[in-house]
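Alright, structures below, take your time with them.
There are two complexes below, and they share chain A, which is joined by chain B in the first and by chain C in the second.
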Partner chain A sequence: MEDKRIGVYICWCGTNIAKTVDVEKVAEEMTGQEHVVISKSYQYMCSDPGQEMIVNDIKEHQLNRIVIAACSPRIHELTFRKMMEKAGLNPYLLEMANIREQVSWVHSDREFATQKAIELVKGAIQKVQFHEALDKRYVNVNEATLVVGGGIAGMTAALNIADAGKQVFLIEQSDLLGGQAAFIDSLFPNMEHASDMIRERIKQIEEHSKIEVFLNTKIEKISGFIGNFETTLNHGIDRKLEFGNIVLATGMKSFIPDDIEEYSYGKLPDVITSVEFEKMLLKGQIKKQNGSEPNHIAIIHCVGSRNKDYHEYCSRTCCSTALKYIHQISTLMPEASIYDIYADMRSFGKGCEELYTSAAKNNVVFLMFDQKNDLPVVRENKGKEAQLIIEFNEKLSGEDVRVPADMVILMVAMEAQEDAKSTSQIFGISVDKNKFYMEKHPKLDPVATTTDGIYVVGGCQSPKGVIDSISQARAATARILASIAQKTVEIEVTTATVTEEICCGCQTCISVCPYSAISFLEDKSVSHVNEVLCKGCGTCASACPTGAIHSKHFSDFQILSQIHGVLSKN
Partner chain B sequence: MSYTINTAFKKELTKYGAGNWNECFHCGNCTAICPLTEDGFLFPRKSIRSIQLGLDEKITANIDPWLCYYCGECSETCPRDANPGELMMTLRRYLTAAYDWTGLARKFYTSKIWEFGVMVIFFLIIITLFALFLPPSSQIFSNPAAFINAEGGVMINQMVDGISGEQFMKIIHYGDWVMAAIVAILLVSNIFSMFYKVILRDKSIQIPVTAYFTEFWQLIYNFLVQPKFSKCENKNYWSGHLFLMTGYTIMFIVIVTMLPLFQIEEIKPWYHWQRLLGYYATFGIMYFLIVAAIGRIKKSNIKFKFSHPSDWLFIVMLGLTTISGILVHIFRITGLPLLTYVTYVLHLAILVPMIIIEVPFSKWSHLAYRPFAAYFERLKKAAIRYQLKNEKLITT
Partner chain C sequence: MTFEPKIISFLCNWCSYTGADLAGSSRLKYAHNIRIIRVMCSGRVEPTFVLEAFKKGADGILICGCHPGDCHYHEGNHKCQRRYTLLQKYIQQMGIDESRLKLEWISASEGKQFAELVNEFTESIQQLGPASYHKKLSFA
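Now for the complex of A and B:
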């Protein structure tokens, strides 16, 4: 066996780690450890000079194992693996000790934190000694893409990929394409007709030779992995589809404000939701229940949004939609009084502040309410021309005010689809606490998911309007076309393998594998892991009663050594 | 107390001036920059909010606009160009109309035809009265020298036939009294209307009776000195305004109460106190008029950027009154009886409608509303102090 020469590097992370952990002391402590050739601390290990320092040390001191104590491996393990390659070492001969998320950010006692960091680094030193060099593996990418959801985001993604000459399967649950935007009259901020945009896209999709549309269809099961997914559609006759990437564009739905007592939705006539008002606009007629035109229209913002009792988040599109309504009402009924009752006016984005400025020039009063303590109350105003009255404390004036209204539009929140959770399980991705699909990284990787090859776009990821949905769709398709262009894709190497001599054929591993990666070889009576499907989660290895399953990079021996290192006294 | 939102109010207010009230998003810069801001008196943001919501009842009870002298700092600082200074100006016009129970102030502010028409009618009435009852003596044309006194000036009371100089002066003098009485009755009744809206209707506070007396000096002090104005950043505005105010007040008092002293046949030497007082007043008024007229033409300063028709009418009428007055004086001391008579009649024909319209119904009413607002403000503060003291007594 080669001589083990370990380099240990303790990162300050600016002051993130250094303020609670005595990084210099940790580095010093490691100098004496067995096989440790060099031990250093540095302000930012992930920076170019930090990496260069390690690369130089590897060359100068012939290091063959590296321990880096810094942030979570989720953040920079890939960075440092690339650095290893640059220095001519196998990237898996690296171990990271997380002394930021697990130490400096969660402890305040400096001495204790320093001791804990020392122990974690010792564990890493012990573990890295038994790391094996693993080789990268690649699989071919199927050029077809599955797009789930026929709204504006899904249609855009489908067209984008198909226009590049690649096959698209477009799945839609309902019996028509178009999604939410099909029920919108015109779009803020430029007031173009949504129907024009939708109709044109539907026509293109229907005529496109590279797009196959499946209406009234639901996906029930997906198997495979990036580059090689497959599903079977129960579409009269079973139809098997194979594709390399998936775009999820399953959209969102609107909140029904039954539960908010203050607004009396469903109890008082002419208290309607923004969705219902949009339908009136589509018809070109704003009418009260009794058929007459309203003269005093109140718009209430944040109905079910930004309120702990309903949804804590901002639904993002409602403020600008309300401003759009002010324009539309003013055009259709110039004499009508409009009362815009808001919690905060969030008309962000290109052209939307201008929308606010021009809306304010109409016959409108903007009134601010306190979302936390004092929701406006809609009451009957018997015998008056405006049959409703809205009462609340107006925040900017501090006065209790009464707003006469004969129509109240509730700007309802946007929420995740009813079946978002079960859909996420079908595709093996996560949902956030509001049941919107979780992206891989909110800033650095906003349309990918933690499952390679599956992308989330549009309202299913978080409430958003047409502009953002289309941007996301185009972003996701760029990623997909890039992976198709590369023809192959790198896959996980830290997989599990079965030592057939020890396997007793109990098949416990098959029942616990979440990726259906293990099959049973009848002829040999042993289990077999499909290394392409395997994600290296380690569930089978820990369940195996005989110890026949070996998890690469997380072998029993490696983990026991790590524990030994953490617990060692010296 | 809860107020009903009224969208129609903005439309009504638009007739009284300019303002981009919807532009305001309540950042509070205007309140921060205004030297008059104090605890509980939030210039001018609070007034803007009342406008935006159309709380007309609250606005008519609001004295804030009268405490503002329009230095323009707030409008300079406003990030939204909502022009809070002009909003306060607009509110002053609106309040003048709101206090006026006759409804004429609203007519004059919102209709040029009404304001201009009434001015012209009064102008013609004065001319007609002179033509019918006090026509110039025929000798003015044939023998002008008969009207010249020892100093070479015109004997101003002798220009009408059939009545003595004493009688002529008295007619004018009593005329002044009648005019002053009409104006005073209207103004006082409007001040009472203001008192009702600001103090009596406000049930939230109780003014201690003693405060009416102890704070009374505020009324006089604010009338004479405008201490609020002196708090504004640019002190030139305050001194310029004081120059105009004293000049105008001197002129008014002199004309109404001391006409027999002034309108005499004799021409006093230029350094006589009477003449010096007159010159001071004339210069005071003319200085202000020139600054205001040039400012409004050039729109040089933010406070002059917007001009309501009533602003121009004020400048033009006061200017014509002053110029005709100066001409009377020149023709009189240079011994030109006919021109003295003509300019004298014109002077009165411009002065009378100006006083009758401007003082109770328009811009000049501020000479009363401002000091009263300061007085009412002190009353309200006294009431708050009184309330706090009582609460303390109860709790301890």
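Now for the complex of A and C:
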């Protein structure tokens, strides 16, 4: 058996870890541990000099196992695996101890935090001793892509991939392409007509030889894994589709404000949502219920957004949309007075601050309200020319104000689709607390999901406008086209295998495998794992009564040793 | 001196470990006693792991997986739950209070819930006092 030579590296992460954990003490404590040849701390292990230091140590001290105590392995395990390869070591001879997300960021007592870090690193040292070199596995990538959702994000993704000459299956639940943007008149900040853009894309898609569109279609089940997914569409005749990657662009929907009593939506005439106002703009007619033109239009921001009773998040697009309305109203009805009643003006992004500055030049009064404590109240103002009155405390002046209006536009929040949760379950991805699809990492991997080969773009990932949706769609398709260009993709190596000598042939493993990856070899009377189908959950290993199933990288030995290390007294 | 229990926690990689990471990146403070061991799926948590941890001196064990229906591997969490039910009965026979072993579902977005769960569980173990199982018997 090879001589185990372990290098232990404790990251400061600047002050992120070092402020709460005595990193030098942790490094010192590890020096005496069995098989540990070298133990160091350093400011940023993930930096080039940090990695170089480790690579040099590996060469100089013939290290063959590495423990890095730093951030979550979900952030930098891949970085350090690549570093292992650079140093000529198998990437799986690495173990990370999470002393940032699990220690320094969640505890304040330096002594307890340091002790916890020491124990976690000991666990990692014990575990890594039993790590084995694992060979990378590759599968061929099916060149076709499934795009779910025919809105602006989905259409952009479909065209991007198809223009590169690769097949796209575009699935749309409704009977037409276009999504939400099809119901928008013009787009901030430059006021181009949304319909022009949508119509152009629909035409391109319909004429594209590489795009097959399925309207009125819902995906009910997906099987397979990155490179090799499949689904069967039920359209009278079953149609089986095979594809290597998936783009989810299922969009968002608008909040319906009937629960917010203050606004009397649905109770008083001419209190309408931004969605309803947009439809008026599309028709080119801003009309009250009685058919006349309004003279005093009030716009109320953050309806259902940034409010703990509805949605705590900011819906991102409403402030700029409201400013767009001010421009459009001023153009269509120069005489109308406009009141913009906002909580905070968030007209961020290229060209949008300018939209705010120029809106202020119109016939508009900006009034601020306190979103937390004091929502404006819309009441009837009987017998007056403006039949509505809005009462609230204006935050900047501190004065109670009464704003007359004959039309009130509620800038409603954007929220996750009703079926977001069940769709996420069909595709095996996660949703966040607001039911938007969760990205793999908000900064490092913003359009991928934790399921390889599945990407999320547009409003289904978080509320966003056309510009951001298109950017995300293009980002995801770049990732997909790269994987198609590679022709193969690396897949999970941490699969299960059967040690035939000790398999008793009970077939318990076969009954628990969710992927039907295990079969029974009649001639030998033992189970056999098909490693292409296996995804490495390890459920079979836990169920195996004889310990014949070996779950790579999470073996019994490795986990038990880690438990020993974490609970060891010295 | 207050009793500082040793708590071992098995978290599935996809939901619960990510939820714990979220508690970290949101800088939510929770009791320091917990030591997390990552497994790919809660279905990987073998009864042996739990028993070994008690044997080596753990005072409490917290297993977390994805919510039912959300398992990255379809139904590993259901397998975990079935084992857990049996395991709770089994540990009682060994003289270990069943409430020293807990199974909860934590999704990737439930950082706050994770922090609260850790605090509640730690407190409940503190009230129970040290587990004496590993002291009562000696193991070869």
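To be clear about the criterion, the second predicted complex is superposed on the first by the 530 of 570 C-alpha atoms of A that agree within 3 Å, B and C clash if a C-alpha of one lies under 4 Å from a C-alpha of the other, contacts with A are read in each partner's own complex, and residues count from 1 in each chain.
Heads up, the rule we're going with is that contacts are C-beta pairs under 8 Å (C-beta built on N, C-alpha and C of every residue); 3 or more make two chains touch, one makes a residue touch a chain.
These numbers were taken from a predicted model, which means no experiment stands behind them.
Aligning the two structures on chain A places chain B and chain C next to each other without any clash.
Contact with neither chain B nor chain C is seen for A:342 once the two complexes are overlaid on the shared chain.
Considering which of chain B and chain C touches more of chain A, the answer is C. Between the C-alpha centres of chain B and chain C, as viewed from that of chain A, the superposed structures give an angle of 120°, to the nearest 10. Of the two partner chains, chain B is the only one that A:361 touches; chain C does not reach it.
When both complexes are overlaid on chain A, the residue A:369 reaches neither chain B nor chain C. Using the contact criterion defined above for the overlaid structures, shared-chain residue A:437 touches neither chain B nor chain C, since it reaches no partner. Shared-chain residue A:450: touches chain C; no touch with chain B. Within the superposed three-chain model, A:551 lies in touch with chain C and out of touch with chain B [touch as defined at top]. Superposed on chain A, the gap between chain B and chain C at their nearest CA atoms measures out to 31 angstrom in whole units. Only residues 1-5, 7-8, 22-23, 25-26, 46, 49-50, 52-55, 58 of chain B touch chain A when the two sit together in their complex.
Considering their complex, residues 4, 6, 8, 14-15, 17-18, 20-21, 23-25, 27-30, 32, 35-41, 43-49, 52-53, 56-58, 69-70, 72-76, 79, 83, 107-110, 115 of chain C touch chain A. By the touch rule above, chain A contacts chain B in their complex via residues 337-339, 345, 357, 360-361, 363-367, 391, 394, 396-397, 399-404.
Touching chain C in their complex are the following residues of chain A: 72-74, 98, 100-103, 105-109, 112-113, 116, 119-120, 123, 424-425, 428, 430-433, 438, 450-451, 494, 512, 514-515, 535-539, 541-543, 551, 554, 556, 559-560, 562-564, 566-568.
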